[in-house]
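The structures considered in this document are given below.
Look at the two complexes coming up: chain A is in both, with chain B in one and chain C in the other.
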Partner chain A sequence: MKSENLKRHLRSTLEFAGFTVPAVIVIFAFVELPFLMSVLYSFTKWNGLDKVPVFIGFANYMEIFTNDPNMMQALGFTLLFTVFMVFFTNVIAMLLAVALDSKVRGKNVLRAAFYVPNIISMIIIGYIWRFIFSKGFDSFYALTKIPAFQLSWLGDAKLSFVSVVIVSVWQAIGFYMVIYIAGLQTVPKDIIEAAMIDGARSSTRFFRITMPLILPSITVCLFYSLSSALKTFDVIFSLTFGGPGTATTSIALDIYKTAFSDSRFGYGSAKSVLLFFLILLVTVFQLSLFKKREVEA
Partner chain B sequence: MKRKMLAVVCLVFSALLLFAQTSKPVVNKNPVTLKLMFFSPELTDQYNDMAATYKAETGNTLDITVLQADYVTVLRAKLNSGDIPDVFMSSAYADNDTYKDYCYDLTNEDFMKQLEPTSMTGVTVNGRVIGYPFLVQSHSFIYNKKVFADAGITVLPRTLAEYDAVCKKLKAKGIQPFATGFKEWWVLPQTAWQVMAPIKDSFGGDYAKFVDQLNAGTVKFSTLKEMNTVFDVLDLIKNNGGPKPMESDFNDQCSMLASGKVAMIHQGNWAEDTIRKTNPTIDIGYLLGPVSGPADKAGIMFDSNQTIRIAKDSKNLKAALDWLRWLTTSDYGKNWIPGKILQLSPIKGAKASKAELAQATMDLLAKKTPNYSWYYQRFPTGTEQGLGIILQGYCAGMTNRQDTLKALDSSYKKIVDASK
Partner chain C sequence: MKRSLAWGALSVALFLVAIIYLYPLILVVINSLKTFTEIMTDVTALPTAPDFQNFVNAFRLLEYPSLCLNTLIATAIGTIGVVLLSSMAGYRLSRTKTRASWFVFIICVAPMMIPFQSFMIALVKIAKILHLTGSVYGLGVIYWGLGVPLSLFMYHGFVKSVPTELDDCARIDGCSPLRAFFQVIFPLLQPVTMSVIVINAMWMWNDFLLPLLVLSGEKKAMTLQLAAYNFFGQYKIEWNYAMAGVLLTVTPAIIFYIALQKHIIKGMTAGAVKA
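Right after this comes the complex of A and B.
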């Protein structure tokens, strides 16, 4: 009997390993290893061309905190961007999910329509919106004379922030909407019906029953939107290239510029290690906060 | 039936192959394949045409990789990993130092004597020539001659005040004076540094001394009185650059000028191709850029910056040098830049290019109009974008002059320290 158990145990372990080990190897080679190398490089001065990087200890980290206004500006932008991004994507995606989970005519078409931006390359989206904001808005202004179209949506420091948020939210909501729809479909109808019989209004039903039951979806969406907003790069790269000046430069773009334009690969690595810890800190805090509150139906 | 046809087709093809084998014009016992890395993808057709001719004439193959945005990144990765191309391109001046460990010394090559000595400044370090000047280019303000004539402007502006007056005249006619190009981080420094080009006079006519002192920190942007004029010129362009001056990019500049919607742009002769794509018959010319100093110092920026470098450790070193010699001395090579690329060639006695801006450049030089070298290419690698973005912030109204100057100084110092 005992050997039978052992055999089964061994078998399931092997099965488990068979499925996971290939992925672990690939992730280690293409994600973990480069990350570890960039941690090493973060202690060096290296221009990307010299054969031997010079070890300089914590000097890169010291510089970030004491003498880098660009990084501080990028940090401020990224945090503000993250707040707006997480709030608007999740609220709008949730509203859309609720609307498209009810019995609306043509809801499949609408679901697809809202999801489409998510499958277009971010770089292309940036260029399309760049065209809309400049040439497109010029034409709209010529047609309608609405002054909002005459504003410089990509050239003004404050407005370009709004533009970046609008495009990023527009691109992201489809993805989160799908997760919320999936979550909404797991909510048992009988509980909702019971609440209706008890006389709960629709808002009460939503906030007291639906919301707690889809908290796992909310946890996932918040986690994912937080980490992707903190890392935001490609839309900004093609829409504004961080401009005007440094008005919309995110930390990731600042790292890119440090490494590839200033040729300071060591310093750029140090910044990216810090970005990693920032994301780790924020998301672990968020996860532990939300995991505690999840309930089962 | 079908089988018969197949047989015929096979026969025809094998016959063709046979002919192809025998009709090879050049007998080259050891054909070499050279690996080249170039930028400026707008010249891809011309690169390929040149490679095809070279293969036909010598039997050697040129395998050219053309990149733009990530050119430097890819080149660095290749140099780092030992996969060194036989021939590659870079900028002149500061890049001499960046790639010093990889460049072959061309000083004693016979064909280098065929080049204009003026185009060699940017590739010469301590008397050694370590690069081959590829193109000679110029930049300044480009104007649409018809728009100027229609607005009744007959005297071309040279000073800030004259430019201001021209702008007022154009605006009165309902024409936007400038398309700024301020969204492009590389346009801003070109516009700005042209304004203080006469600064060399304060350093005995030698830009190297000026940049040495900038690098050492004994000269700072915040103490240069020329910077005031720089800001004045940027303000003038911005204030006369339409409702959205910060959204204009290179393509916008070219199409607006070509369609006659604006009168002037700050660009170089490389823009002519793009401008003519919108309006093939346009009549354009150079204006002398306003400078910090007397009116007769106003001029154009003229230099050879794009540089071809031969890899020192290339296995095909001799073949690479033979190719450069062919490019310099053969009939095709001599005609390549003026005839096909339609820009200015550094080769002595080269034919004039048919392009209007190239001709305008030659005319201005013949008239002894002040022309300045692209001295800002002596600033350490990386400053072009770093400083460009700071100037962009100024134009967008994010920083005032005082703060902009401080930011320029600190950014410059950081890049200098990093490149030590």
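Right after this comes the complex of A and C.
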């Protein structure tokens, strides 16, 4: 009897392992192990070629904070970019979602139209806009004589920041719009109608009733836009490659350059560990701030 | 009457906004059909006579068919692997209510919080050791590890809506656990499977950084995004080639989008809300 029990226990354990171990192995091998290794590398000096990295304690972290203007510049750029990107993406996406969740004609075509840039890879998006900013703007200026088209949108440090924000927001809007539309569709129509009968104005209805009810969507969109803005890479890689100078170098691009152009793998790892903590800190703070305010209809 | 007029005006306004919004892409299409001199004179003008020579040239210079095949191989291996691994594990972890199971679940989904850039340096090293660099097959395999956490999380949640009686039925019929899963349970998970396929395929097809890191320098193992990037670097002045190249690169994703539009919207929303 006892051996029968043992056998069954063994079999269910084996079955459990058979189903789960393959997933655990690939996640460990390609995410968790390399992450742990990056943490270890961050305490070493290593050019990627030497067999053994040299342990140097916290020297990499010290250098980041005391002697690396590039990284500080990248940090500043990334934070500022994140603020603008998250704000404009979410506000515009929400406005579009409200407009396209109404009784407006042709809303399916419009939704699809605004979603199109999201299907295209960021690398191509960056390149398309390089064409627009250079050749396109030349022609726009010739046609309209609007001085803004004559400016150097990718060559000037301040303007290139604006360009990167414009392109990123342009690409992202469709995705967030779709999530907001899904959120708006869960808002019960009778609540809105009740408020209408009570004489609430449309702005009051939106901010007092709709907004609180779609807070879960807002939480999700903020979380997504925050974490993707903080690790932005592709679009900058093909639009400006971090330039002019280092004006639009994000942390992710700085890590890439440190590791794969300068061959400073230990130092790059230290930066990548800091990026992890930065994103963790910001998103956990945002989630805890928003989660407790969610209400149900 | 007044109301419907207002709706009509809003509709017209939105269509105008949409056209301006998509104007950069419209310009890409227009200019891909122009000759070099036409682009140089005026980007906004329509081509005098549509010229498909750019596409012929870009098609040849990019070695387009082999690129599509490479990208398709990596995407297919990656997506199929993610679906199999995450559905099996997600199902089992959702059904087993022990502390060990919960612990394994956390180990599997926690990596969603680790940004790719935080471990890419060491990942390249591991990929080299495992001989996964320089080949699209290796690339597909690496995607398993990166894609499973979110997909497993989605399966794990969905399995709860599948009645456990079905597990028992299959068991009584004497099926092996794996066969019971794939014949009875897996077909019932189809809604999530569609979302998982869409999310992973779109991401892998459009991904740039991982292919850049693990395929770099290998001419035979180029993906579309990687080759497109190199192509643009090479034909800096020939915007007409480049614009045709852009369209060629984007076309497969657009076709995929049109074919699966409903699932894509659903999948994207599902993935986002669950995470």
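Methods note: the second predicted complex is superposed on the first by the 271 of 297 C-alpha atoms of A that agree within 3 Å, B and C clash if a C-alpha of one lies under 4 Å from a C-alpha of the other, contacts with A are read in each partner's own complex, and residues count from 1 in each chain.
Following the convention adopted for this analysis, a residue touches a chain if its C-beta (ideal position, glycine included) is under 8 Å from a C-beta of that chain, and two chains touch if they have at least 3 such contacts.
Bear in mind that the values here come from a model prediction, so they are computed numbers and not experimental data.
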Max touched-residue count on chain A (chain B vs chain C) belongs to chain C
Based on the superposed arrangement, let me know which partner A:16 touches: chain B (first), chain C (second), both, or neither?
-> second
Touch check for A:156: first (chain B), second (chain C), both, or neither?
-> first
Report for A:246: first if it touches chain B alone, second if chain C alone, otherwise both or neither.
-> first
Is A:222 touching the first partner chain B, the second partner chain C, both, or neither of them?
-> neither
When the two structures are overlaid on chain A, which partner does A:113 contact: first (chain B), second (chain C), both, or neither?
-> second
Which of the two partners, first being chain B and second being chain C, lies in contact with A:33: first, second, both, or neither?
-> second
Does the superposition put A:169 against chain B (first), chain C (second), both, or neither?
-> neither
Look at A:209 in the shared chain and tell me whether it touches chain B only, chain C only, both, or neither; answer first, second, both or neither.
-> neither
List the residues of chain A that touch chain B in one complex and chain C in the other.
-> 48, 260
Given the complex, residues on chain A that touch chain C span 15-16, 18-20, 22-24, 26-35, 37-38, 41, 48, 99-100, 102-106, 110, 112-117, 119-124, 127-129, 131-132, 135-136, 138-140, 142-143, 170, 175, 178-179, 182, 216-217, 220-221, 223-224, 227, 230-231, 233-234, 237-238, 251-252, 255-256, 259-260, 265, 268-269, 272-273, 275-276, 279-280, 283
Chain C residues within the chain A interface of the complex = 7-8, 10-11, 14-15, 18, 21-22, 24-25, 27-28, 31, 39, 42-44, 81, 85-86, 88-89, 91-93, 96, 101, 104, 107-108, 111, 113-123, 125-126, 130, 141-142, 144-146, 148-149, 152, 177-178, 181, 202, 205-209, 213, 225, 228-229, 232, 239, 242-243, 246, 249-250, 253-254, 256-257, 261, 265, 268-269, 272-273, 275
Chain A partner contacts - residues on chain B that touch it in the complex | 70, 72-73, 76, 79-80, 98, 182-183, 185, 243-247, 252, 381-382, 385-386, 389-390, 392-399, 407, 410, 414-415, 418-419
Contact set on chain A toward chain B in their complex | 45, 47-49, 51, 69, 133-134, 150, 152, 154-157, 241-247, 257, 260-264, 267
